[in-house]
Amino acid sequence: MTDTATLERTREGTTASLELTHALTQTLYREARLLDDEHYKAWTSMLAEDLHYHMPGIETRYRRDKTEQVTDLTRMAYYNDSKPEILKRLSRLETGTAWSEDPATRYTHIITNVEVELTEKADEFRVYSNFYAYRNRNERDEDSLIGNRIDIWRQVGNDFQLVKRRAILKHNVMLSKNLNIYV
Amino acid sequence: MRFERIGREPDYSRYMDLKEGWLDRRIFSDADIYEEELYRIFARSWLFVAHESQIPSSGDFLTTHMGEDAVIVARQPDGSIRVMLNSCPHRGNKVCFADAGNTRRFVCNYHGWAFDTAGDLKGMHEEYCYDNGDIDFKNHGLKNVAKVSSYKGLVFATFNGDAPSLEAWLGDFRWYLDMILDNEEGGTEFIGGCIKSVMSANWKFGVENFIGDAYHAGWTHDSGCRSMNDGMPFPPIDMENSYHASVNGHGWEFGTEGVGDLVLLGRPKVMDYYNKIRPKMAERLGEMRSKIFGSVASASIFPNVSFLPGISTFRQWQPKGPMQFELKTWVIVNKNMPDDIKEEVTKGVMQTFGPGGTFEMDDGENWENCTTVNRGVVTRHERLHYRCGIGRQIEHDTLPGIVYRGQYNDANQRGFYQRWLDMMTHDELGKMPARPEPQLGNVAETRDLPGLFAL
Amino acid sequence: MNDNIADLVDSRTGRQSRSIYASEDIYRQELERIFGRCWLFLVHTSQIPKPGDYFRTFMGEDDVIVIRQKDGSIKAFLNSCTHRGNRVCRADRGNARAFTCNYHGWSFSPDGALSGVPLENEAYFGELDRAKFGLIPVPKVAEYKGLVFGCWDANSPSLDDYLGDVKFFLDVWLDAMPGGSALLGETQKMVLGTNWKLPVENVCGDGYHLGWAHAGAMAAVQSMDLTGLSVGNSGVDLDGGLSVAGMNGHMVLSALDGVSGYAFYPDPKPILEYLEANRQTVIDRLGEVRGRQVWGAQVNITIFPNLQLLPGLNWFRVYHPKGPGQIEQWTWAMAENDMPEAVKAQILENQCLTFGLAGLFDNDDGDNLTACTEQSRGWRTAQMDVYTNMALGRSGKREGFPGDIAAGLVSEHNQRYFYRRWQEHMMAETWAEVPTYNINSLTEQEAEHA
Amino acid sequence: MLDRPLAPPPVEVIVAVTQALHREARLLDNEDFEGWLAMLGKDVSYRLELKSRRFRADRSPPLPFGPGVIFNEDLGRLKMRVDRLKSGFVWAEDPPNYIRRAVSNVEVLATQPDNEVRVHSVLVMHRNRIDGTTRLLTAARTDLWRGEGQAWLLAARDIVLDHSVLPDSNLNAFF
């Protein structure tokens, strides 16, 4: 079971217009700021109902090893979620008893290398970006998650909604006790 | 094998009194005690190294750690499994840098020494530079561990040639293990891949949490329970019909209501699946175990493996110094499950007990703080309370092991630290007491899988 | 180890082995014999005014919570659950009716009592003896005019005796004005790769580095309107100030002009007006010497082992050790409660300009302290010595002041006393072996010694 | 902060302001402090705060006086800091620390009056220090930029560090 059809690059040279690139870039930044500020309600309003949010777990393997680690959805993944599943995870924060999130973690998402492409669907756009997500909590707990993302964003009126995201964390061993963050 | 250390030889019994129910915090932070643990516990115990399904074919391998020693686990052409140090006998370099894969040879990057999957030295770069008599290929292979054995898919290895058999090591705990390993025809497998994370915590905190700490679930995981179960808190525990069972330092705490862990997984389809096979499970494992499976439960195999039956997360706490461990997480499923159920289980595990899971996120914070607060010289000399349920031991007709009534209990934790103390204080494992004496003799359901062999 | 310690410091000649800044073994012994034995600063009463107010800090490397009780008293506890040892409080400060552990939900009331155990009847069958499992209290907590200290050692002298003669100088901030004192603002925390003793010795006596290390900062502030104030420490001015030691290990540097603390202010007018308006009140309360000469001057007070407060410059600092080569430095601004709000605002503003985390002066010190520590780590360098032998044997008593006093702010008189006290504690098995010396008890030999 | 203005500023404005932020970072990386000062408005307010951690439910009032301010500067005081750095006596900066600033997530939002924009951005400061180690500082910035003629000038900046304990031995740097 693989899920690559809509994420794969379908046509070369389908660069989006300046205005569209710009609007989507600003959308990514806004999304990052909402996550930094823990405005999860506002963030989830940016997610499409048919969202698929995937962050595979990746092993270190030799080059000759052809095991498909990124797109095979049957393998272990940090996230392999639909929108209701994301909402379920987030509902933990609304219980008031998520002790480890109190006092709050401080986050910064840095989003860069944004590329926007047209897809075969007129209202959907493929967006590549890199993320650097920094977390700091307690006295000196800190860690950095770095990786790249491939998204599909859909235009809905004047706004955009995230339809698909594959975030690839460039870590083998995650150097932290948990992943209380979305990238 | 005997391990001698020049360092100090403290009287470890002063770090705990399990009859009174307390532990000294220094066992969670002291560097000397940690070094001693590596010798006396990790170098002498049977350690989990792989599930057979991870290396199904000849040449399949994975790399892991036994204590802090890096090892390769490799499937041989004859179907057996070997475990060897991941270190070249020439200059000590790592010979395999991948987490997993398939190969015919492990070739060292440094001077090209090449080993087959059994670890035998087969050749090297510029072989002619060695004169006759310079090198004996037979004695310069990858060092194999002393013994390898498997129980229903779980492969264990030990550096200790004098170790008792794996069967004796697991003892009657196999009666419990069969609930996850043998609840359905076809046995189990691991889902592909492994999620690893690092915590600044002592490895024992993870093990003891899974071995018996039902008590933290309702509090630590209130938010997780509510998010997975439509706003409902952790279910009330029936203290009459729930238990702690401990065998040789392994432990399983469980209810008998049959659904608790399955509810917390938050996947109705998985619940339906198990309810469908439950009558057959009762035929295979008997009435009692079919009632236990799926209940609120957690378990650990001494020294450093834990799992949640029903929720299906399977994990190992790899020590990396007194104040750090690496947590490896897998998903264990029944081989005969349909693909969509396997997918549901996998998604459910990662949503609850992956690093981004609704339960897991709160545990790490606790274990880290339990450990790091002991940096203080005053703090680390204070005792900790392990007395809960100390008077509730019972004899049970069906349940083997040292059994306590009531799931809220520190009994299995005390059993784990008793075994820890036994190993730290006994030079000869053969003289270590069984806790308890085996009650079941040969467990009827025990069977060997192909690949079992011992060096 | 004791013999070794005897060789490591010679305060008669002003010599220290560099190993005292690098050795792991020495550090462990310091945690036990200095931080486990001395009175350590916990909190200023102004930081936890109401019942339930708490503040988290460290005593050595032990994490403690300091809490204002219902009856107004202050208690301190190890921040560690008695059940599995988890931290029970992870916030820096706040107000709480209970501290509840994340792990199993044991909760402790502000007086440390175990007040709640989830499932106490179900899991413990009501048999848990709660009285035995309260938070571990810091056995001795005492206050001196707003400064709250804690001590682990049951045999220590009282806080009053521990402070001894240095109270003469402490009162210049704590008791100069009827309204008393306060700390302002949030804690500014910073990690420094230095042994904890180096910043202490830097501020306790090192007037020598100012003109050189801070030349850049001086150049910048000299563009300010100094209104003719004499700083008194950019050159060697033996009449401008005093180096005071011999007070149970506490040290003071003090200028004597009554205004130099505010020399770095771009606009010192409001503060000068405040000093002017209240000078007589302070003279009435503290006498001519302290009221006219010390109040308002630059005064560096060091309370052994790790607290430094500088009335005048108005910064207040604690160093928490984190291993032999690292500290956390916590800084606040100081004020008198009688100061008008505008003056307090100015103090905060100027602190961030001069001695805050990004202060012009502070930015010069960090790298020097770090490098002094790192350069003591090598096998060979650790065997070498460093020297605090400036102006040896030029001290004595001085009319109107306590302590063994050397003239001027540029000498190493105070540092020698600091290392001497350090050595006395490190060699003593118990408090009984630690000498007490205030001015009146100072023997001739000891005076000569310094 | 959540409310998005109905009409985003023209693309040209967003591009120009983004370029200004990048230019500013480059000037600071190159220690062209005069060039940087010239990008500041006469009434610039430049603040950096460090906040203590409190429980979410903590209802105690904010601290009686002033927050944990690390920078709280106007143009004159920023010039004073620059004067110090240029004095030639700042040994901690000699040899220089190499600083690289990565500015990202530049969101430009319309505000009133028309010639001003509110700008959110994040900054990663990669500071290779004299001791050979690298310190990473991350911060969120909220700015006010004002268009004056062809130029955009910084009118106000609030910086919030992600750290509760500063992981470096000084802050001889501007964010």
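Order as written gives the chain letters A, B, C and D; numbering starts at 1 within each chain.
Basically, a residue touches a chain if its C-beta (ideal position, glycine included) is under 8 Å from a C-beta of that chain, and two chains touch if they have at least 3 such contacts.
None of the values given here were measured: they were computed from a predicted structure.
For the pairs A-B and A-C, the count of C-beta pairs in contact is higher at A-B. Taking each chain's centre as the average of its CA atoms, chain A and chain C sit 47 Å apart. Mean C-alpha position of chain C lies 32 Å from that of chain D.
Annotation for chain D: residues 53-55, 164-165, 167 touch two or more other chains. In chain A, the positions touching at least two other chains are 99-100, 103, 138, 140. Touching of two or more other chains is recorded for residues 90-92, 102, 191 of chain C.
Chain pairs that touch one another, listed by label: A-B, A-C, A-D, B-C, C-D. Residues 48, 50-55, 58-60, 63-73, 76-77, 80-81, 83-85, 87-92, 130-131, 164-172 of chain D touch chain C in their complex.
On chain C, the positions that touch chain A within their shared complex are 90-92, 102, 191.
The touching residues of chain D, when paired with chain A in their complex, are 1-2, 4, 8, 11, 14, 53-57, 102, 104-108, 120, 122, 124, 136, 138-140, 162-165, 167. Residues 97-103, 191-201, 220, 222-224, 226-228, 231, 266, 326, 329-331, 339, 342-343, 346-347, 350-351, 354-358, 360-362, 364-369 of chain B are the ones that touch chain A when the two sit in their complex.
Within the complex formed with chain B, the chain A residues making contact are 1, 55-62, 65, 67, 69, 72-81, 85, 88-93, 95-101, 138, 141, 172-181.
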